[in-house]
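The data blocks that follow each hold one structure.
Two complexes, one shared chain (subunit A), two partners (subunit B, subunit C).
And now, the complex of A and B:
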């Protein structure tokens, strides 16, 4: 058998271009259905694991899928805003614990999640390094993000402007990393968590600047009365919150109308959940309450219907490819008929010729299997991101 | 000694018929077979080697009746006892010179590729003047070099019989003589019997005996 393998190997090496093409084709035929299945399973796992652990989600009326995808998987599609009043409404009902979410801004292409510390408790997250955010301007980052950007506790992270061409827009906020989360194997691993107020500072609803009473430059102070000081745009706005300037940060307007993208509602029990859901049924309501699990199940239902269709196509392509490969092999053996006749003349028996041909097919199939396995391993390594890009972002 | 007795052979799909009442070829004899195309020269080589089976008669080598062996036994006998040299060399282009010479050893269990065989292969290659080309692929060799490789492949298992089917047919006159010299040297050294089919009448005087096939009828012109 070793001699047959050796001769087969020499043949394959000599005809390497033909062999590589053949191996690539066979690998693709095997790889495609497995890759598709693997990606869909991973997407199901990722989508369902978050959805099943998030009982209820309150948001503005509209596309419930956008609401779920933004709140659970931080997709870039932003739902309409609701206000902090909605949080108060849930607190007042006594039916659920509200966890506000304001997912709008980004830092180096990673989502900034404005929320409360209840979020970590609700998700059962532990902080591996440092501590949770305690001061305005502090943030906690996910494990993967910290590794990817090489961030440590005490480092700074700059929020990205929403629009590069909006010259009058808010300044980027230089946030201080107070903690790094333990790995969660979820989208939270790539997120930046800040207190809601910090998110509002990023938006410009809250800000800090020089103490106007201490400004001596007359070109900055335009007018001054007992209750009102008017300054020019030359006044120094703080883009970083620290102990020295923390006091100067303040919010304008009514905080109860400050924006949120959603609220995770954690009901006391099933009965409370049902009552709470009932309160959002009215058509006059400008908000909706959804069960993320149901929304994701519907989404997966659609994806798997498409998967069945793709499976059928892959099957047809695979059959066509197998027939083509069979044709390639049979043509190749026809071309080698003279060689086979020669070795018959020399005295080789039929079993050995069969062994030689089998050894070649075996090497090609094995190489295809190995290539397919390696490709699947690579896919598995990146499938987290691939799934996020394909199905979530 | 090769003995052919009352041999009758025909292909089922055409009118070809070969009839050899009696033919004896002695040990270490060098025989040339001549005759027009289609007269049955190559068929005779195939009958002697057991590739083809006669409808009637016997083909025996050293009192062993080849055509009474099973297919598998005939193949084992052939690879160990008969060396083939073809007109178009029949070398495998995906193997280098050395692997082509060792090829019979890799396609049968009847031959064992050991250190002694390797050393013999080197000596043979040296005799044939191709010792420096052992790692080269055969498509990079000249026609003469290719036939030398084919001779080495045929001679390496120390066969008692060499069958050469127009072995010099594809060679220029200079190479023809050189190759024949090399083949005869090698055959003489191993005391093997040589049966060579040829169209080249200039070479006939170098053989011990010439057998002429005419009209599918055997004539011994020696």
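And now, the complex of A and C:
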């Protein structure tokens, strides 16, 4: 048997091109359905794990999938805004704990999540290094982001402008990293977490600047009366919040109308959840309340319908490929007829020839299996990112 | 199927237990309660008794509304089981710090539609973006004793919700406080009607709720009791007295002797009506307020003020 394997191996090595083509084809036929299944399972796991642990989500009326995808997976599609009044409404109801979310800005292409400290407790997250944000302008970053950007506690992270062409827009905010989260194996690993108020500073709703009463430069102070100081855009606005300038930071307007993208509502019990949901049923409501689990189940239903279709195509392709491989082997044996006759003349019987050919096929199939296994291992290593890019972002 | 439903339910239940079930300290019976001013500290301490460790995190010699906490102070606040807020934009430091929403209890939510808006000193704008006005809200809400009673009730409700097993004790402790506050309210309403629009001056703009609730004809200047007023402030006062001929000036704390003498020369008597925003040197919130009311009665009796 070892002799047959040796001869088969020498033959395969000699006919490299043909062997590589055969191994690639067979590997692909095996790899494709397994890879698709693995990716879909991972997408189901990622999507469902957050959806099932997020009982209710309140947001502006509109596309509920956008609302869920933005709030749970930080997708770039932003739902319409709601206001802080909606948080007060939930607090006043006493039916649920509201966890506000404002997911709009980015820092070095990573989402900035404006929220309250309750988010960490709700998701049961631990801070691995440093501490949670305590002062305006501080942030906590996800484990993967910290590794990827080589960030440490005390480093700074700059928010990105929403629009590069908005020259008159707000200045980026230099945030101080107060803590780094333990790995969570979720989209939170690549996110930047700030207090809602810091997110509003990034937006420009709150800001800090020189004391207008102390400015002597006439090109900065345009006019001054007892109750009104008008300044030009030359006034120095702070782009970093620190102990020296923290006092100068202030917010304009009514904070109850400041924007949010969503609210995670954590009801006290099933009865509270039902009552709360009932309050958003009215046609006049400009807000909706959704169960993320239901939205994601619907989405997965659609994905799995597509998967069935793709499975059918893969099956047809696989049959065609097996037939093609069968043809390749038949033609190959016909071409090798002279070689087989020589083996007979050397005194080998039919069984030996059969053994030789079987060994060749076995080596090719084994090599394809190994290649397929390695490819699947590589895919599994990167599948969380692949899934995030393909199905979530 | 059952397993697939049970898992998410289990996870949600765990989340609830983290957010709603009292933590270990609370289970032991001692709640860690933080407050933003002395009236709330007094309410919480009096209602919870031994079941809570109530703290007012700022030093006793500063106005709690204008405290500037550092990161360490905020981290300590984050560890509290409950943080009682005054509302009405009271703690000016709140927008600059991060505290968990689940622990915040705004004790004035019930009457937030009755907050008194105020215009602060300076408005400014930045180029073409339009005028920004730094509007604010009057925040010494507890000087309207009906509001103080509401705040005490909100404190009682929050404590009862957090540790329901002590509700009976809380009820027992809350009722006398509520009765005292409502008695003050009745007494001040009577004083207000006897004063019948008599002109008064407040040394500091902290008496808005007192003025509104008890129909006091009160105008405020912006003086500090421990500082001698500037010439400009004296001039402004004289100007104010022409339009508002008051005979009495209400002070947050004991004014300087020289200031009192100078005021008397202008025909103005001084009287302390302390808001007690921070812990008093002696007595408690009720005794301080009782003292305020007794001193107001001096105006009615037209006797010599006691400073």
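Note that the second predicted complex is superposed on the first by the 393 of 393 C-alpha atoms of A that agree within 3 Å, B and C clash if a C-alpha of one lies under 4 Å from a C-alpha of the other, contacts with A are read in each partner's own complex, and residues count from 1 in each chain.
The rule is simple: a residue touches a chain if its C-beta (ideal position, glycine included) is under 8 Å from a C-beta of that chain, and two chains touch if they have at least 3 such contacts.
Since this is a predicted model, take the numbers as computed values, not measurements.
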{"item": "Clash-or-fit label for the pair subunit B, subunit C on subunit A", "value": "fit"}
{"item": "Partner chain in contact with A:186 - subunit B first, subunit C second, else both or neither", "value": "neither"}
{"item": "Residue contacts with subunit A in the superposition, subunit B compared against subunit C", "value": "C"}
{"item": "First, second, both or neither for A:203, with subunit B first and subunit C second", "value": "neither"}
{"item": "Partner chain(s) touched by A:46 [first = subunit B, second = subunit C, both, neither]", "value": "neither"}
{"item": "Touched partner set for A:71, first subunit B, second subunit C, both or neither", "value": "neither"}
{"item": "Partner chain(s) touched by A:7 [first = subunit B, second = subunit C, both, neither]", "value": "first"}
{"item": "Degrees between the directions from subunit A toward subunit B and toward subunit C, using C-alpha centres, nearest 10", "value": "160"}
{"item": "Contacts of A:252 with subunit B and subunit C, given as first, second, both or neither", "value": "second"}
{"item": "Which of subunit B and subunit C A:15 touches, first, second, both or neither", "value": "first"}
{"item": "Minimum Cα separation, subunit C to subunit B, after superposition on A (Å)", "value": "58"}
{"item": "Residues of subunit A that lie at the interface with subunit B and also at the interface with subunit C", "value": "none"}
{"item": "Subunit A-touching residues of subunit C, taken from the complex the two chains share", "value": "7-8, 11-12, 14-16, 18-20, 68, 70-71, 74-75, 78, 95-102, 109, 119, 121-128, 131-132, 134"}
{"item": "Partner subunit B, residues of subunit A touching it in the complex", "value": "3-4, 6-7, 10-11, 13-15, 338-339, 342-349, 352, 356"}
{"item": "Contact set on subunit A toward subunit C in their complex", "value": "52-53, 55, 87, 91-92, 97-100, 116-118, 121-122, 124, 131-136, 138, 178, 195, 197, 206, 209, 212-213, 227-233, 235, 243, 246-247, 249-252, 255, 266, 268-269, 293"}
{"item": "Subunit B to subunit A touching residues, read off their complex", "value": "49, 51, 71-72, 75-80, 82, 84, 86, 90, 92-95, 99, 103-108, 110, 137"}
